[in-house]
Amino acid sequence: MKNFISLNDTAGSPDELIDLALRFKQDPFSSRTGHRKTLGLLFLNPSLRTRLSTQKAGHNLGMQVMVMNMDSEGWKLEMEDGSVMDGASQEHIKDAIRVICEYVDVIGVRTFPGLKSREEDYGEKIMSSIVKHANKPVLSLESATRHPLQSLADLVTIREMGITRPKVVLSWAPHPRALPQAVPNSFLEWVKATNAEVTVTCPKGYELSDEFMQGTHLVHNQEEAFDGADVIYAKNWSSYQHYGERLPVQEDWTITKAKMGLTNNGKFMHCLPVRRNVIATDEVLDNHSVIYQQAGNRVFAAQAVLEKLLQS
Amino acid sequence: MKNFISLNDTAGSPDELIDLALRFKQDPFSSRTGHRKTLGLLFLNPSLRTRLSTQKAGHNLGMQVMVMNMDSEGWKLEMEDGSVMDGASQEHIKDAIRVICEYVDVIGVRTFPGLKSREEDYGEKIMSSIVKHANKPVLSLESATRHPLQSLADLVTIREMGITRPKVVLSWAPHPRALPQAVPNSFLEWVKATNAEVTVTCPKGYELSDEFMQGTHLVHNQEEAFDGADVIYAKNWSSYQHYGERLPVQEDWTITKAKMGLTNNGKFMHCLPVRRNVIATDEVLDNHSVIYQQAGNRVFAAQAVLEKLLQS
Amino acid sequence: MKNFISLNDTAGSPDELIDLALRFKQDPFSSRTGHRKTLGLLFLNPSLRTRLSTQKAGHNLGMQVMVMNMDSEGWKLEMEDGSVMDGASQEHIKDAIRVICEYVDVIGVRTFPGLKSREEDYGEKIMSSIVKHANKPVLSLESATRHPLQSLADLVTIREMGITRPKVVLSWAPHPRALPQAVPNSFLEWVKATNAEVTVTCPKGYELSDEFMQGTHLVHNQEEAFDGADVIYAKNWSSYQHYGERLPVQEDWTITKAKMGLTNNGKFMHCLPVRRNVIATDEVLDNHSVIYQQAGNRVFAAQAVLEKLLQS
């Protein structure tokens, strides 16, 4: 595997990575592929789970890990090609990436979307530029439109439920700020590549891009969507159609114990961080969820991906 | 030892930990208890000594160490249980702790008091919540009312003086800002569990909580207190009675060479960072102190505690 | 080697360090001198290359590395000796350094000049104080007037060109802000100790201190200076004479393909970060430069220096 940015990098099937992640969960120290190898993690945005789980994954493989918070520790990055850098930006992204590649064997990068230009964000302008200029394998720690390490960990978690053909519902949920679509996009991309039956429920105007929606059922009535579900995957996202906006929503989309009661003893999933009593009630999070199992599986998902990137 | 938050966690006696710390000082690499174990250090507040000495202690035992600065690297934490998180807070402390526990074998946390509500601070609301939600051993890197790693290192330092029954004076000293009571509280809690004779000297109104004062001599006249002392342990703290306030003080409480001259060739101690020529003069700090020995002993104190937590 | 602050620390000849760096480039894991040793990196200013390459160098030698961002993670430092610390400063630099020395075997520090007082900056007031108070080897990660790890990596890069007596031109180039003179000073100090023929070209008023200029040719006409050069080493710096100021400059000093055409198929060098299309055009940076080779050589330069410091 040359890079890990989207499902495409796996030749379209997540199965091999899921299997490998589960093997690492059984025996975290079974591979020393990372011996004398260095993982560099470059954060352009905040991170807790990704930061710690990916470090841990590298350590498990015997890697050295170096973490860099670009904003607070380094220089202000220029993202435009060809610009005359006489303003605030101090270093071009392409120089930063190419230099870091001198120091690492795998480079992980987190970069959030601006949510202003749909074209730029969905063109994955920054991540594409990073992949173009890197001469080492690039590991996405979340990009403008996808969060593949999260999605892989989510599939590992669903696999562990042992349901033959799970009914999976991706549900929009409320949030006080406009959020990226990366997690729901990516979840759909990956879960559709399994044998799950996938439904999306969201208020009108919050439908995700066709690329991700196709092959799923769209149900605007949340309670109808929940009926008989094995998995409720909750997430807030801003509008794709009215790009980056928060649209007025009348109904209460917070996920409650009563709504979970409509499911087939379904499990609640969320990538975290989660706004308690906004996305879902404490009761749902504390009694009906597998959120910590998801978070724990991030280590083994990252470990499987690093193993494959190091073997490339 | 399940957690390390206060003296209580040691079954009331610091001796075993002091002995172990001194053994690690002789031979820092004598234990590999930390092999394939991970230490996570979560800072909600600044730190230099604790940050570096605890990392070093983990390394000495063979641990991997991951450091997380919550404010600048992660998400804004919610501390209230049951709150509707539609404001600035992005992640609940209980979720952050429970998730980090997926990635570590021991979780260290530093969290300062607010100094607004004595009830909240002395209830150790945040640290209690952390201990409650963690499913791995919790190592206090300083909490609202205690700093046990500092206190253990202080006792190691006093032990190294080789005085049979040392006269120890905890002295209040000036400072331009309102500071927590954690270090003096904790020092009293721990030093009282040794055979030292303990005196507290402070301006009226600066007496610490009864829980910590009992079993000590209280002397409001600083020079009287210093008479014949073997150890002067200096620290500023804000008022416990007028909670979190700086009260007007007439006398000059800065510790000078002249005042040290009243002692029994006593040694000056301070946890650092220290305001030079405010807490104590340069002369005292540079010629009469064991402050760097204290700082160095932080490594071995932390190493002893980690050894015990890993064995639990 | 006791410390690494300037060329003086090498007994005046960079050759042994260059040789050692090139050996480490051939076999990065050939020395385990760093086993059970700790490298502490203290940053008072931003850093990307130095931060990552020095960490990597330590890892290659088997060291544990701890990184500390003083401003964001620790306490505000006091730099004046004897001051009454009742203001914003929370910890004296001498205490911070002496304490960190308790935790490390080598201490690296980065501290930029204030560019306000030439006397203070050129007296290397802060670095001298650090060296004075440290009881472990001090590794400069760039100080007020020098950046020796960069200069050593630069000499390694020039050596790799295999030119018997290279014509090296240090050229001033434009920049929107007032920058330190550390990189050009240090480059001159080191390159003059090789058999290179060295020319400096800059607008009038931008001549560096005599200490660094002596033994070089000064040519105010940039194109004349470029004639027949093997190496163009570009950098912006503020005025030494009108200390720390940006002086009005009429000509266009940006380094272009046309100007590079005047050289003897010369290579463009820069320490990075570089303002693209201000210091030099994209064309020069992408087609005529060895900037990434320089950045990569930072690892082996640091590794050679750490090896020597650990042997001391």
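Each chain carries a letter (A, B and C) given by its place in the written order, and its residues are counted from 1.
Quick note on the criterion: contacts are C-beta pairs under 8 Å (C-beta built on N, C-alpha and C of every residue); 3 or more make two chains touch, one makes a residue touch a chain.
What you see is a predicted model, and the numbers here were worked out from it, not measured in a lab.
Judged by shared residue numbers over all numbers used at their interface, subunit A and subunit B contact each other through mostly different positions, with under half in common.
A rotation of 120 degrees, rounded to a multiple of 5, brings the CA atoms of subunit B into register with those of subunit C.
Measuring from the averaged C-alpha position of subunit A to that of subunit B gives a distance of 39 Å.
Counting partner chains per residue, subunit B shows two or more touched chains at residues 72. If you check the complex, the residues on subunit C that touch subunit B are 36, 38, 40, 64, 66, 68, 70, 72-75, 78, 82-87, 90-92, 95-96, 98-100, 102-104. Considering their complex, residues 29, 43, 46-49, 51-53, 55-56, 59, 69, 72, 176, 272-278, 282, 285, 291-292, 295-296, 298-299 of subunit B touch subunit C.
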